[in-house]
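Each of the next two complexes has subunit A plus one other chain: subunit B in the first, subunit C in the second.
This part shows the complex of A and B:
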């Protein structure tokens, strides 16, 4: 299983801080599409993804137990 | 702990104290504060949210990048999260270096990098509504899923 974390506007759209689902073997891009459809999220194109707290490219394959975070464009500072 | 996410008001002097070193000839301090007016629109307050463990790692990464580029630099950064009122301090960056030019440059580099790679978001609350702010114009897309090298170096 994998934990998926949402932040900022994605958290509002999903209505949850995190979900659990089995994403093992999927690429980051495939997971994005799946989640976007399930939660009817827009603007996932501009969203970065972190696997285990490090930025990951769209073609990276997710392993069992990986923690995935969708990172909208940041606005700190 | 030179790189922190704080839930309460930041003690500016304590951030500066972390970069004091005998080889330094300069310490620059950047203090980011909450502005009331943005393009004529009045902000009532902000709420900052962070993906805290990753945010700390990315602040540490920025510190490492600075030490690589500016010899002899010491860096400390604290970013606050939660509800902040107008004029509150959101971020403090202290950089010390042997010579002043490097301290200015490296400090500027740190704040620009924070705005690129550190997972912190602000929600603006106005009189007539609220919105999470992405990058300023929502113009940056990441087709590969992460910042391009060019985005990171601009």
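This part shows the complex of A and C:
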């Protein structure tokens, strides 16, 4: 299983602070699509992904037990 | 004021040699809103040699809650932020050479400023300008510090050309429809927390304490008590068009910029984003309504009366701003709503 954490407004969109699901073997891109569909969120394309607190590119494959965080870049200043 | 910087030079990583370095450096601040005000004040008080601050907006009442350089008088006079900031910063520290530039931070303007700039601090409110800053910083080898906030959330990352990944490595493209302070709201502490991160990094860069520079991407939510520090060692993309082996600096190219056109005789500016953004009109209508404006719409567009302007937004992200011929003002309104 994998824990997925939502940051900032993603938390409101998902309706949860974190979720658990099995993402083993999926790439980051595939996981983003899956989560966006299941939780009826907007596209997560431009959202940054950390796996175990380390930046992960879109083609990174997720392993069992990895903790994944979705961090949306924000633009206000 | 001989002891002006005494408490800062007592801090061992700065010391007297560090202070001399700080006072010999030129910092360019892009934006004079919430982050720009705070970042500029910290660095001017710290005794930076030269500060250039650029902004295209004027001071409005809704700025005062968090934009620390401005007063009610500035609002009454509708002073450009760059002018009001320059005046206030000079009053804070007359030893610093301060220049306010009223206008758009276009790649051309950034390129002109690049010569003799030691550090760029991002205090802007949109990713189009940030990507241009990113390319200029790579091209001219200038460190820059990304910072942004919305609601109770903020983030920062320090980019050192040749060392760290760059913003284009992380985002690949300009993010679509981000929340902005004008749509998602913003609280003062989130601003101050980003400023604290950006200015601490700025001091490290200015005194050239490279080992102390934070290599992680920090983000936090002060309301929900989240703090994350993301390691970036694997984020650098060797094929990145901004910082990779064969850089092309794409965001200095006009094709990547929002195109503004003044529509003749109509007192209207059209803004066309560089990529089709696929805007969710219903959601945007909701956000604009929440700001207290009257919004009308159909499946193809929404239209909002906003003071002297009428803002019309199409599904592909194109907008018409009626009631102005000023492209900078129109772009400012657009970025405030769409990021």
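Going forward, the second predicted complex is superposed on the first by the 72 of 77 C-alpha atoms of A that agree within 3 Å, B and C clash if a C-alpha of one lies under 4 Å from a C-alpha of the other, contacts with A are read in each partner's own complex, and residues count from 1 in each chain.
Simple rule for what comes next: a contact is a pair of C-beta atoms (placed from the backbone, for glycine too) under 8 Å apart; a residue touches a chain by one contact, two chains touch by 3 or more.
Everything numeric here is computed off the predicted structure, so don't read it as measured data.
By the document's definition of touching, both partners, subunit B and subunit C, reach A:77. In the superposed model, A:28 makes contact with subunit B only, not with subunit C. Applying the stated contact rule after C-alpha superposition, one finds that A:3 touches neither subunit B nor subunit C. Look at A:42: by the touch rule set out above, it reaches subunit C but stays clear of subunit B. Counting the residues of subunit A that each partner touches, subunit B and subunit C differ, and the larger count belongs to B. Residues 7-9, 43, 45-46, 48, 50, 53-57, 69, 71-77 of subunit A lie in contact with subunit B in one complex and with subunit C in the other. Touching subunit C in their complex are the following residues of subunit A: 7-9, 11, 17, 42-43, 45-46, 48, 50, 53-57, 69, 71-77.
Those residues of subunit C that touch subunit A in the shared complex are 31, 33-36, 122-127, 130, 147-151, 153-155, 165, 170-173, 175-181, 184, 186, 217, 219, 221, 224, 226, 228-235, 237, 280, 335, 339. Only residues 32, 48-51, 53-55, 57, 79, 90-91, 111, 114-123, 132-136, 138, 140-147 of subunit B touch subunit A when the two sit together in their complex. Across the complex, subunit A meets subunit B through its residues 5, 7-9, 12, 28-29, 32, 43, 45-50, 53-58, 60, 69, 71-77.
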